[in-house]
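Next come two complexes built around subunit A: one with subunit B, the other with subunit C.
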Partner chain A sequence: MKAGTAFGALSNFVKERFPVDKMNFHYMVEKKEVPVHSMSWGYYTGGLTLFFFIIQVITGLLLLFYYQPTVSDAYASVEFISKYVSGGALIRNLHTWSSSCMIFFAMVHLITAFAMKSFEKPRELTWIMGVLLLLITFTFGFTGYLLPWNQIAVNASKVGLQSIEAAGQYLPGALSKLPHTVIEIFQGEATVGQSTLGRFYAMHVVLLPLALIALLGAHLLQVQIHGMSQGVDVPAKKTEKFFPVFFFKDITLWTSVFLILFIVASIIPFDAFLPFPLLEPYNALGSTPAGIKPEWYFYFVYYPLEMLPFWVILLGSLIVMGVLIFTPWIFKGTSRKTLKLIAGAATAYLVIMTLFGDKILHIVKPGA
Partner chain B sequence: MKKALATFYGTLAIAWLLPLPAVSFPQFQQYCEKHSGRPVNCFMCHMNDDGPTGDGEGQIGSLKPEDLERLNKTRAQTEPGSEIDNPILNKFGNQILHKLGMKKVLELTNDPSKLPEALGKESDLDNDGIPDGQEFADGTDPLNKFNGDPWKLMVINANRYKFQIILASIAVLLLDYGLAHLIKGIAVKLDKKEDVV
Partner chain C sequence: MIESFLFGALPYVALFVCIFGSIYRIRTQPISYSSLSSQFLESQGLMWGSLPWHIGILLILLGHFIALLLPGLWHSLMLHSLVLASVEASGLGLSILCVIGLIVLAVRRISSAKIQSVTTPMDLVVLFLLLGQVTLGMVTATMHKWGALWCSATTTPYVWSILTFRPDISFVQDLPIAMRMHIIGAWLLILLIPFSRLIHMFAVPIQYLFRPPQIVEWTSERKEEAAGEIFESEETRRHFMHATIGIGSGLALLSIGIMDKLLRFFLGPRLSQKEESELMEFKLKQLERTAHQKSLELERQENPYILIGTLEELNPTTGKYFIDYKMTPAMAFKGDDGLPNLLSAKCTHLGCTVANQVNSDGKVVCPCHLSYFNIKTGQPDQDAPAKAPLPHLGWVLMDTKGNVLASRTAQGEFTGSIDPTKLQGARVYIAKKLSEGTT
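After this line comes the complex of A and B, so read on.
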């Protein structure tokens, strides 16, 4: 009886989130209205993340034509793309710049959706899928970082993988072996080498895109079925039609952003921000150059890791992950004003750690 | 001056007679790191990122007899303008010796900040628009056109690719114009369909 009730509740939950009667063009496109208010800009952040993902797919496919996923040829193939392939440097630069932009906008989208309380019933699954999409996006960044097989790529990946392994000592019983097993699966050998490159490559170009496309499809379907969330406490007096008004604004924004991305990728090489010894081909026998760091979007966890005991960061990360996943239930009764304050604090933390983490580290640990 | 020259030629004679000791000038690296705030290693001028000493690729211990001969020949060229083909130095290291000569390089070890000026603005091995001497001062790679001070590269490339940027801007405007009409057309058609229904 109890099992029957639970099944019934689950069935109702799924039916409410995936109402089959609303899954049609008329309801999802023609009838859809978008509220117009002071936070309306937040509705565009998800679309921008999607746009940068599309750029990633197109430029990534073009890079696949020349990239060689072997430790002997990976660096040379990337160098060949940049130096000798027609338009290769631009394509690679578009790929690296848009990867950073994709992660940036995915984070902005999550924070604005939180501040606008876009996780409210019936959008709980939309939110959870969004959190998972953000995690996949971070994994994209981590796996893609290794592919050029230069000093920073290999050494930063080693540090990243070692931190996963270090988590084992804080886990109880059989769970303590889990991080090691995870490392074995991802690394494939005793240290970062050919097996690691092959596996990271497979994840970056096949597994993660498939997972992302599947989740993104479900996420977008939910967005179209349930429409845009109210976003503000007082329901907006004005709305605009999703098609053609909002859709056209979105497309215009995409084309303008593409122009900015194209200009930036044409004139500022992404590699210019890195010290040149980190861009040399990886040499297992040579000394490790100074200044090995992860990409900027991992600074919010990297600098605290350098300053605080590992277990503090591990515990903090687990709590944050739990809170993110269960946000629709934890913050069910929280006002938008409080949510905005929390979102503001989270933004301040991310900005401070990303821009000034290095300086804070030198103050806290002068020798670091 | 005479004393300095005597010391220089004396050092050179000893270097010539001894079995090829490694001669490197860490003063340049130290200045570069301090001035630019970027980590720099021997790879800026040498073939090997750990410098000239050792048995690794591009280091003295691994040189073949013909390479040692080239090395000795290079060390004998003290004046600027000579053909330099030093096997332990990369293109930038060889360019410094070619442009300035060993004598001047030794002089500059006392004040490495004068190296950019001594190299001049014409030398730009990677053709990125930033002179090699400036790249040395900025702590960036003079042999990699994608590595340089980001803001300087931005200004140089914006000027270099202005035609492409203008073309791209026109293309985007036209695309927007076309898309606006396409979306409008679809919307009108959908509205008509709705009227019929």
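After this line comes the complex of A and C, so read on.
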């Protein structure tokens, strides 16, 4: 009997989140409305992330025609794309700029959704899928960073992977070898080499896109079924039709954003901000050049990692991950005002660490 | 003397007069705090003059202000030749737009009798001063190229020196004459703001951009009806035609451009012979590097001893890099005892390769997180990110005929004897059996 009720509860839970009777054109397109209020701009952030993902797919497919994932040819093939292929530099530049934009807007989307309390019933699964999508996006960034096989790419990947190892000391007994095993699985050999490149490549162009598209499909299906969340405490008096009004606003925004992205990508090479020794082809036998750093979107965990003992970061990230996954239940009764405060604090932390992490590190550790 | 007046004193006169004069005029004659419109008298010429002029000058001034307010960012952007070329080209294009606008406005002021009746001498002074100013800007941009870059060391610090009350005219003294006149023109224009129509720049109705839309109602019913009818019958059709032609030809151009690029993208580049051979050379070098690494790997698989170098080659302050049996980097020094000192170069923190130059404290540094290691003991500094010491490696010393003279294990057990006479030409090896068991 008890098993029966548990099953009943589960099936009810799924039915409420995936109401089959609402899965039709009328509900998902014709009837959907978008509330108009002071936080309405938050509704555009998810769409923008999707837009940058579309650009990533298109430019990524184009890059696939020329990229060669071997340690001897990877660097040369990337050079070949930027130097000789018609429009190659632009496409590669669009891919790198847009990757940063995608991660940026995915983070903004998460924070605004949190502040607007968009994870309320029946949208819990939408939220969790969103968190997983963000993780996949970060993994995209990490795996893609290695592919040009230059000094900073390989060395930053080495450091990034190696830092997992430090978790071993906090695990008991045989488990303490687990992080090392995890690293070897990703690396495929004792150090970052051909196997690593092959594995990262496979993840970056096959596994992660498949996972992301599957999750994204479910995420978007949920958004269309349940409609936009209310977003503010007092339900907005005015709404606008999702189709065509909001949809065309979305398209307008995407067009303008594309224009900006296109101009930026045509004139500013993304890696122009790095000194050249870091962009030289990777040399396994030479010494590591100074200034190895991850991409800017990892600064918020990289700089604390440099400043604080490892266990603080480990514990902190586990707590943050747990809180993010269980947000719909933890913050069930929290008012939007409090949520906004928390979101503001998180934003402040992210902005300060990303922009001034370098300076803070110099103050905390003058030698570094 | 005249220079220090024009570049040192005039700016302050101009800024002072501009600020206080404008405040005075806005407070005492609020009604005149705009520019007298002549649209009512003549609108066609105004549109073709005023619009290009304002679009051009606003963007150009925006560029000037960014260069002034964010000099660091501006300079770092301009260091990229593509950005620099784009900025200079857009600047030139916009200034052409300005000149066209100003010429139309000038012709209009001079030729139309209606307009002349509302034209003051000051209007003409401002108009021709502006024309001169834009022309000087264009002359500078064409004759003395890349001003967007060299402004960082000349005009930007000059204006900052003025604004921070430490005027330093040496920044601009040696500039070309056109540029110096451009600067003087700028101060004159600022000086004239409170006395001319230029004051309207403080009355820009920015809020218009954000206010809710307004419906214009005609005062007479007949006009309103007529307007509606015209809009329905003519305007809509004309708008529709214009829009269709515009969007259609835009899309056609766009798709031609995209198709052209895409086709070439898939077709692949056509390299010149020189480019082709350069590329080949580079690829070959990379392949050789990979092959070299593979051969090192194979060598370590097969051989019980790996040669590092001769004992004479080793140096107490510069390590010789080599690859140990685990395919990780290591380095060899000459110790105080004249014998080899072999040390892993893989940082025990996160695995970067430690630098091979020994500092005056007898330490080497890992460039990633600045852990210092003592090369004698391998120990890191107390507060270094790395906690574990760099492990030592065992070595074997052989003479030229391949007879083992001496060896030392990683733990420091020494076997054999050192005969200084036999050390001549002795070679240092790492041994497979010594490397097994070390961690």
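Rule of thumb we're sticking to: the second predicted complex is superposed on the first by the 365 of 368 C-alpha atoms of A that agree within 3 Å, B and C clash if a C-alpha of one lies under 4 Å from a C-alpha of the other, contacts with A are read in each partner's own complex, and residues count from 1 in each chain.
By definition in this document, a residue touches a chain if its C-beta (ideal position, glycine included) is under 8 Å from a C-beta of that chain, and two chains touch if they have at least 3 such contacts.
Computed from a predicted structure; not experimentally measured.
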Worksheet item: Is this a clash or a fit when subunit B and subunit C both end up on subunit A?
Response: clash
Worksheet item: Touch check for A:A272: first (subunit B), second (subunit C), both, or neither?
Response: both
Worksheet item: After lining up the shared chain so the two structures overlap, which partner does A:S38 touch, if you call subunit B first and subunit C second: first, second, both or neither?
Response: neither
Discussion item. One more residue to check, A:S287. First (subunit B), second (subunit C), both or neither?
Written reply: both
Worksheet item: In the superposed arrangement, which partner chain does A:F262 touch: subunit B (first), subunit C (second), both, or neither?
Response: first
Discussion item. In the overlaid three-chain picture, which partner chain does A:T5 touch, first (subunit B) or second (subunit C), both, or neither?
Written reply: neither
Worksheet item: Who does A:S82 touch here: subunit B (first), subunit C (second), both, or neither?
Response: first
Worksheet item: Regarding the shared-chain residue A:T191, is it in contact with subunit B (first), subunit C (second), both, or neither?
Response: second
Practice prompt. Would you find which stretch of subunit C runs into subunit B in the superposed arrangement, from 78-86, 114-122, 168-176 or 348-356?
Written response: 78-86
Discussion item. From the superposed pair, tell me which subunit A residues show up as contacts to subunit B and also as contacts to subunit C.
Written reply: 266-269, 272, 283, 285-287, 289-290
Worksheet entry | Contacting residues of subunit A [partner subunit B, same complex] | 30, 82, 89, 243-244, 247-248, 251-252, 255-256, 258-259, 262-263, 266-269, 271-280, 283, 285-287, 289-291
Item to complete: Enumerate the contact residues on subunit B facing subunit A in the complex.
Response: 38-41, 43-44, 48-50, 56, 139-141, 144-150, 153-154, 157-158, 161, 164-165, 168-169, 172, 175-176, 179-180, 183-184, 186-187, 190, 194
Response to the item:
Interface with subunit C, subunit A side, in the complex: residues 62, 65, 71-73, 75-76, 79-80, 84-88, 91, 155, 158-159, 162-163, 190-191, 266-269, 272, 281, 283-290, 292, 306, 367-368
Worksheet entry | subunit C - residues contacting subunit A, complex | 77, 80, 82-83, 86, 261-262, 264-269, 271, 275, 279, 282-283, 286-287, 289-290, 293, 321, 323, 326-329, 345, 350-356, 366-370, 385
